[in-house]
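Going in written order, the chains are labelled A, B, C and D, and every chain counts its residues from 1.
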Amino acid sequence: MVGGGGNAMIGPIHLRAALMENDIELVCGCFSRNYETSLATGRAWHVQRIYRDYREMMEREAALPADERMDFVAIVTPNKVHYEQAALALDKGFDVVLDKPMTFSLDEALRLRDKVNQTGRTFALTHTYSAYPAVKEMKARIQAGELGRLRLVDVEYTQGWLSQRIELQGGNNAGWRTDPALSGKGGCVGDIGTHAWHLSEYITGERVTELCAELSTFVEGRPIDDDAVALLHFTNGLHGVLHATQVATGEENRIAIRVSGEKGTFEWQQMEPNTLIIRWGDRPAEIIRTGNGYMSGLAKWNTRTPGGHPEGYIEAFANIYRNFVATVRAKAAGRTPTPEELDFPNVIDGLRGLQFIETMVKAGYDRDKKWVKWVEE
Amino acid sequence: MVGGGGNAMIGPIHLRAALMENDIELVCGCFSRNYETSLATGRAWHVQRIYRDYREMMEREAALPADERMDFVAIVTPNKVHYEQAALALDKGFDVVLDKPMTFSLDEALRLRDKVNQTGRTFALTHTYSAYPAVKEMKARIQAGELGRLRLVDVEYTQGWLSQRIELQGGNNAGWRTDPALSGKGGCVGDIGTHAWHLSEYITGERVTELCAELSTFVEGRPIDDDAVALLHFTNGLHGVLHATQVATGEENRIAIRVSGEKGTFEWQQMEPNTLIIRWGDRPAEIIRTGNGYMSGLAKWNTRTPGGHPEGYIEAFANIYRNFVATVRAKAAGRTPTPEELDFPNVIDGLRGLQFIETMVKAGYDRDKKWVKWVEE
Amino acid sequence: MVGGGGNAMIGPIHLRAALMENDIELVCGCFSRNYETSLATGRAWHVQRIYRDYREMMEREAALPADERMDFVAIVTPNKVHYEQAALALDKGFDVVLDKPMTFSLDEALRLRDKVNQTGRTFALTHTYSAYPAVKEMKARIQAGELGRLRLVDVEYTQGWLSQRIELQGGNNAGWRTDPALSGKGGCVGDIGTHAWHLSEYITGERVTELCAELSTFVEGRPIDDDAVALLHFTNGLHGVLHATQVATGEENRIAIRVSGEKGTFEWQQMEPNTLIIRWGDRPAEIIRTGNGYMSGLAKWNTRTPGGHPEGYIEAFANIYRNFVATVRAKAAGRTPTPEELDFPNVIDGLRGLQFIETMVKAGYDRDKKWVKWVEE
Amino acid sequence: MVGGGGNAMIGPIHLRAALMENDIELVCGCFSRNYETSLATGRAWHVQRIYRDYREMMEREAALPADERMDFVAIVTPNKVHYEQAALALDKGFDVVLDKPMTFSLDEALRLRDKVNQTGRTFALTHTYSAYPAVKEMKARIQAGELGRLRLVDVEYTQGWLSQRIELQGGNNAGWRTDPALSGKGGCVGDIGTHAWHLSEYITGERVTELCAELSTFVEGRPIDDDAVALLHFTNGLHGVLHATQVATGEENRIAIRVSGEKGTFEWQQMEPNTLIIRWGDRPAEIIRTGNGYMSGLAKWNTRTPGGHPEGYIEAFANIYRNFVATVRAKAAGRTPTPEELDFPNVIDGLRGLQFIETMVKAGYDRDKKWVKWVEE
């Protein structure tokens, strides 16, 4: 693992998610730019090989015998350094799990896409929210035509933790996220807007083609957006509304999506992730609950507990790791991975994420132009 | 009452709402253009004086002695005929309760505003959703500064009943609502979008100054919008997102609003109207329930039952009638009505409703212009 | 109306419920033992004939010509005086709507049952909670066999308003309810336990045959139960658990019931009365919502608004009045009332309510005897 | 690990829970009485040392050098064999994590308690539901006096999976649970009733002293209870109602508890485990959400994700393992474990669980005796 040390929130999540199937072992790491922090984290996690620097790690791991060296690397650093770390890992022959947004800039994203294609390595991006079983269920049922032709998708990612300028206080994860030099062009739109956008494309199977947006900064003095809203046009006539905000005071982590088609409407909310509502035009709505026998194969494949035993965020995260590892193993065995194994966000999702940020920034600060085409490069 | 006969949904609602305080009596009516229907309705409702025609009704009622004639008239017809009926009633000296949208066109709305001002009659418009006690509570607390400076309002009015082209089947209320010749320029935006917009202004106390919108028709062959979405700019820096739709299959009548300020966020949903959530940045969210002692005076004034005894749509409707009558009585007694008595939608709300439709139509079909200023005339 | 004046909670509820169909007019009353209060209430409600005393009222109304005198009387006094008032009204030829519990003692209940039978008058008891459309839906579906053989009913009526000894403060409705001299043997068990019991019999169609109970008083100094819990055995092998309490601090008016049979389980809660959940053994649970086309005829008959327009407590109350009046009119027309018209709580429900209190009191203070047979007389 | 192989539900849960902190490694196992099944499970989980028999495992592991042998054993077999397996492990010097109910009989439970005391080993019982952070929060706040003197606890554990006689079909986990020869005297009361009972004592800090109960079998032909209901008397005047059932068709795994005291009421439901409601007598109810800064130290200690990132059943399970291991490490280091470290169900909880079953069986089939004292031996 690169990053994740000290008081980082996401490092321990990655670790727990990776461990869940007893199929992955944490063998080495460079958990912080501060070596003392890195050592302390490594000791707490019982890791033998702790490196001062990610370059050193890649070099020395690559030099180890095949049965000793790490098989893949999880990169959980701020996105400013994603590209160089991921590219080096791929060059050194390691498969990669990377936090989102994939890179700092669209240019880096394009280059990373090429790098993945050239090296043929397996690459996963942790758009965790698309890995919940209830989300898989929506995708499977929409693919099977249950909703008929799709019409509307309303997606939101609502937080309140940046409703004051807490980045000035230090000691929290707000600093780099609100600093354009570290997070890139997008603040809220990159940090959480990308999750909302990804969810909408993942579930519906459609792609945004143009959008009309506004990026706003509500907290005085903040040099980057803390609120992003967009009207979306997708392929095949689907329309969407997306609202991502970090200034809705008191909101925790509300990711909610509704998708309507001719025949019905799905409704899901991440904070109660095991419940999915489907509304019908001509009969009572149904409460679909994960872990039950009536679920689709795709949802069951991504479920660990029987009905009524709630699964949460770490289990969703673990689904990405499990499918990533299954794909790695399939390739290693010379076998084509199944669609279920390949069902994790990849470098194309990552590239489209950067294109989404680019398009939103282009549209979001323009007072005149209404509809902006999806930016490809 | 003018209109409301036969299988109309809203006539009996008006009647029940009006009767609730035992302070209003239904004395005469012209319930349908079909006299037989009108007579049948009148008999069912124990009404003595049933007229063939609203003009006849206004004339003859006006000719009765003061203690016999009707005191005010409720007009519950399609908005095509609102102006002529309301204007005549005002001219004949009657106070008026009118269904929304107020008129067929903005021009009529301006003229009706002038007519109300000239005659000095009391005029109420039934934007029912703003009359729920929990909505009053939000208004009262925002006025008192509980949320601090406002930032965001997300409002939706989501229905699914027009997700098929049921207007072709007849026998339902879809016909005139989807016919521009009868409903005016706006379909969904006029029928339910105006409610969502009104709620946002009523609660926040701010006014929309410009908007960016899209009107869409999802059901093939329908000659008017069935979906309306807008980004809103209000006075004092408040931003909003509004989505009104009639094609979200399976949705009943979901009117939901969230308002965020620096200090907290309100959340309310019309289908569970007695519960209001307030989220805080630094402590647990609270569940505010109507009928309890901690409610504001404004909410209590509009509440009939103790906590835990749910009130519904008819009670909200009845609040408009009660406050309207209180105002009429105050004026009759030569007294200035209190703010609580005057707290019902009036002709200015109605005028702004038509301006909202006008602005939405102007913005909603324009592919180029992003922000459209609020249309005043 | 007898009673209901001053700050009584239930008088205005009765009035609004009665008025809702524009089919009932309040023509006379004796609203309080205090004549000044009675006069004030009568003036506020526009009532012409206000009497000093219920006896005077019965006498004088009975002496009026048939087309002038009241048709029926609503008695909304404490249950201490129910019997004498209701019996006199019946004797004088008036139909009666009476608040629950029906009488002060089981003996009075038996006598009132006989009186109703002798006079042939129409008699309704306001067990309001059984009049919600969703409750009707459960009854209709169970009768149709949707749940298969019934097994379990869990019913609760949970309040917190008596969790302190507020009856000592005066000025509220707690005084007579906690005074055995005024309320009878049962406190909580009579005031709200009877509602819970009635709901369980109404919905399931089964009758309690024996029970095991405990009555408790949690608030020091209170001379009557404020908490009642019972295990219930019904006809046909149905088992139940009933918990009625007034000391669950902070609870408003939570009446909740679940009924399980071989095939499914119903779940309903009074504070969100328009939603009914039905769970199935082999497929997703369904959300049944009042006002929709798929509802049973019985539920539709008791519904006033379309789906998504919430109905509440007053509308449920109004269903009792409407069905009562429909029955009165049918009888007056020499027609046998339909089952839908007769669907309101009657004198047998009232008698069984007193038997329930009697049985609960007998069982609830007995430390030794476990199962107590339903007390018939 | 002993047990957990093949299609067992609980084995993989134990494993994932144990792995979550990267502090436990699965080094050996005897996963099934069928050696082939055991080998297959072991291979899937990357386990080196797989034994044919738990006796062989204990013997041979004990003979290994201290730094090679297992440190503790998780026993996840049916309760019929718990005693002999756990006793042997303790005798061989291993700490033990054991599934509930602790043993087959009360006699075994008493002996196991003595064994734990004699050997001084650390022993944990997986009453998982008491390990959720929201449950810890209730315990911490009640200990701090937030509710005042406690009055009522209503607890339920409701399932529907045994509403048909699926144990005859084979291939599921119903077989041994409904066979008294394998599960002991209690069916539903032992399998899930014990969880409900444990939760009530854990949260309130009070102990049941006597109870009045009924055990029932609703599914024809089943030789053991599938429904258990009890009225409970606790120390310090607390009263309770407990309902555990496996025949509420369509219910998944509803564990719900409410606790009322003089000042407020807690409400929690396991299927949405991150939300806790607290109701107050004099102000709005609060929504307490895990992961937020206002939570108690005890809850935070048992939380892994920030607010809005849901934790589930596996994380609760993992809290038991983590606290168990922390206690083991503290003892190994010669340090007294902290109260937080010792906060997992122990052999006394296990013994009381068997006493609960014994008392419920004694009371539950007795038609005459109402209150049965808690059975100590």
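Everything below uses one rule, namely that a residue touches a chain if its C-beta (ideal position, glycine included) is under 8 Å from a C-beta of that chain, and two chains touch if they have at least 3 such contacts.
Source: prediction; values computed, not measured.
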| item | value |
| --- | --- |
| Chain whose average C-alpha position is farthest from subunit D's own | B |
| Fraction-based call for subunit D against subunit B, same above half, different below | same |
| Comparison of A-B and A-C (more C-beta pairs in contact) | A-B |
| Mean-CA-position distance for subunit D and subunit A (Å) | 35 |
| Approximate Å spacing (C-alpha centroids) for the pair subunit A, subunit C | 55 |
| Separation of subunit A from subunit B, taking each centre as the mean of its C-alpha atoms, in whole Å | 42 |
| Where subunit B touches two or more other chains at once, by residue number | 251, 278, 285, 289, 292 |
| Subunit C-touching residues of subunit A, taken from the complex the two chains share | 277-278, 282-289, 292-294 |
| Subunit D residues touching subunit A - in the complex, by the definition given at the top | 9, 12-13, 15-16, 19-23, 26, 45-46, 159, 251-254, 270-274, 289, 291-292, 304-315 |
| Footprint of subunit B on subunit A - complex, ascending | 147, 151-152, 154, 156, 160, 163-164, 212, 214, 216, 218, 227, 229, 231, 239, 241, 243, 245, 247-251, 258, 260-265, 278-281, 285, 366-371 |
